[in-house]
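The following pair of complexes shares a single chain, chain A, combined with chain B in the former and chain C in the latter.
Presenting the complex of A and B:
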């Protein structure tokens, strides 16, 4: 019996429907995401893709600033971009599952007639993408530390703040993914890009690659309303320690205040996403499209 | 009964009359499935947003009572509303009106309880996670039902053996043929040992041998689990006749009749039924010149096959046959063979709705997804 089977056979898993749905879905998600014919190619892809994407940004930054890679703003841009990998992976990882199950594997009918917690199933399926995103993040940050001397040291990282912000940020992103998944449930196949579209659109407004203060005032509002802005900020501060004071963003908020905002927004997002998800399932059942196969 | 599955909410015992208490449906203890005036209307939108939605009535005042231990058939042509009704009962679709319950639970309010007790298999279903093996797919679905690995593996092995898939246990789903995938999905439907199974056209797309195996499996399963219920939809009359304890004939969203296949056929037994094989009938005559207009002909189904014509006739009395033969002769055709038949469920259907089961009625307001 494999480790996964033993874990899933524990009495807690068997008794708790939500936990069971989550773990079995996470197992399934990993089988799908890691299903590469050649594991070596998978590893190369996992390393090359994030590094290549961050290199594009580094080159652009280098050209604009005449190679000022030792400025604090470079670390700000680099880390913002690296952390944003998780935004796309988690949001898309959760919301894409609806399309994947419905149109590709055509199992929506089976899943919705089984005694599972479908919301937790969607979140579980997103775990694999989160893992892949985390590996990419570690690679990109490690690459930045070695090649571009990004000033991160295990000794100066504010670990409690970092871990809390990561937990809250990922929770918020997963909840956002669930909202998009619920929306997808009521839409046709061509909305498969919903997760990526939202992640892409918000890239500019959440301080990932430049401080919000550089945006026009009316556009800043978008960033301030988006919890990811606070997550990126507090995570960067936790990672860079004293060097974080070198860039001027959200300076009027302390780390503790940023974390409090994150706690509030995560709570709101979780409650809101679950409510919205339940409403979406009801609407889809009412319209008769819960198991729709659009064959686009 | 499996761990994690619900107990029967009532003892299977005395049959009581269903009562309507306000708008609440009061379930009879002996019933596994009950519907009361269930209706379902789809709103179909045109290609443009501003187009008015067209309402399609998929189900209209459907009243059904299916008992524990019954293999109940829904017989109707494509688009009759069979799948829509199954979807309502399997909690995939909300009824527009009326109430329905499965194992005593309301399909709208008690979704969790119902899903613990049911499973659903659709014919032609080739779905599944193609990158997983047959065994992994089934193990995963068993896990969602709360089965432990040992129990799941034991059942998987046993059921794969029954359907002849043991040698493909470790094959990826993507490597299986359509028929084999369908068999795997069939196994999935029974792996959780459900109280109620919805089989939606289970032999659709299967070859003759595989369809026979599936029917054999269904019969054996019901014999071994006499307290369980299967609701089967089909448009294969022979299948309904062979498998079902009772059959409801459904057309354009309405239940036209509900009885045992034997009783349904008895309705026609007093009317002689003949199959005539004749030569080509020549050009189509005017309405008055058709066979339907021949005195004494109640129903007729005409099939052109390989240069000859097969006429399935239901006559008011046997002596009307001479009128038919005269009519055929008058149209320049010759009688090749003549056979007197016992009525089939198809004859019952034709008698009730005036057309064959093979006619698609989805454009007339039946289930939209059949």
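Presenting the complex of A and C:
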């Protein structure tokens, strides 16, 4: 009996429906994401896209600054872009499951008749993308440390703040993914672009690669309303250390205050996303569109 | 129908032509019937592109760089269309059960691909024009067109080469099964980087830019920028005439390659009994 089988057969798993739904979905998600190719090809696929997206930024920065990649602010911009890999992966990772099950595998009906927690199933399926995103993030940051001398070292990282911010940030992103998944249940058109479009929109507002001060004043408000803005700020501070040069936008907030904001926003997002998800499922059932195959 | 009430069957070029327009029709008509694309396919993607514009602004880049991003952002619509609505389309059609209908119908597959190209070009042209207009107005982009006929010619040849490449990819993706999905994903950001969607390709260095020139959008974008912006010629990779000549060769090679690869893949698929198999 394999380790996975033993885990699934444990009494804890049998008793706890939520845990079982999440774990099995995570395993299933990983199988779907990874079993289409040999590991080498899969690794290239997982790495090439995020590395390319970071390199676009590096070239843009280099073109304008005549290759002054040793400027302190570059590390901040680079890390913002690298961390942003997780935003796209987690948001689309969770929301895409609805499309995959409904349109591609056509099993939405079967899934809703199974004895499982469907919301946790969606979140579990997103774990595979989170893993891929984390590996990509580590590679991109490592690449930056070696090639562009991004000043990160294990000794200077504020580990408690870093770990807390990552946990809160990922929770918030997963909740956002669940909201998009719930929206997808009610959409017959354009659902393909929803995840990536929202991730693209957040990229503009959250100060990942430029300070919010660059945006017109009326647009900055949007940035301040998104938890991702605070997550990127506190994570960059934790990674680069207290003396690092950063954007001026949130200098008036301490790390603790940023973490408190993140705790509050994560709570709000989790409660809001679960409520919205329940409403969306109810509405989709009411309209008879829960298992519609649009072929759009 | 003729006078005796019998169906007049189209053959040869007429069949090709009719098939082409039949496949292009839903894409062209869809653009006018369903207006929600204006929000989802224009305004939402604009936000991602806009982030790069603000980055250039934050770095105090010359104004023409903003224009470079706007044009690059508009051209991403074509690349996305080629990837997801050309290269992956036969795979989607196989999944939805349409491919077997295509194969059973007398219409040539090449005409179906050409129809997808024409329809996609019209559909995406509308999206690209919308992105270009919105961004140009929002960011006060100043264009200095050197030669309008040359600009139109470069654009047409670039599109011919690009959609020819899309047709080649369609037959390859059909053979790769569900890896097609991952291949399309893989070919997004790396191509944005290699083709210089958001910066002049010259910045990548001579050899990288030369290697990237196999992608029609690399030289197409570079030539279009040279013809559209005051700073364009000084930041261009090759002269516009040289780029146009290379693009013309690419267009011929890709369209001929599409013809060969499509029939080769179809033949292999028929022999192995996997042409319309949906498990892969």
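Note that in this section the second predicted complex is superposed on the first by the 290 of 296 C-alpha atoms of A that agree within 3 Å, B and C clash if a C-alpha of one lies under 4 Å from a C-alpha of the other, contacts with A are read in each partner's own complex, and residues count from 1 in each chain.
Following the convention adopted for this analysis, contacts are C-beta pairs under 8 Å (C-beta built on N, C-alpha and C of every residue); 3 or more make two chains touch, one makes a residue touch a chain.
Note that the structure is a prediction, hence the values are computed from the model and not measured.
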First, second, both or neither for A:200, with chain B first and chain C second: second
Touching partner for A:27 - first (chain B), second (chain C), both, neither: first
Which of chain B and chain C A:64 touches, first, second, both or neither: second
Which superposed partner A:290 touches (first chain B, second chain C, both, neither): first
On chain A, positions contacted by chain B and by chain C: none
Sites on chain A touched by chain C in the complex: 36-37, 44-45, 48-50, 52-53, 55-57, 59-65, 77, 104, 189-190, 193-194, 197-198, 200-201, 203-204, 208-211, 214-215, 295
Chain A-touching residues of chain B, taken from the complex the two chains share: 3-4, 40, 42-43, 87, 90-94, 112, 115-116, 118-120, 122, 125-132, 136, 140-141, 143-146, 148-149, 188, 368-369
In the complex, chain C residues that touch chain A: 34, 36-37, 40-41, 44-45, 47-48, 50-52, 54-61, 65, 95-96, 178-179, 182, 185-186, 188-190, 192-193, 197-200, 203-204
Contact set on chain A toward chain B in their complex: 1, 5, 8-9, 14, 17, 20-21, 24, 27-28, 31-32, 35, 105-107, 109-116, 282, 285-288, 290-291
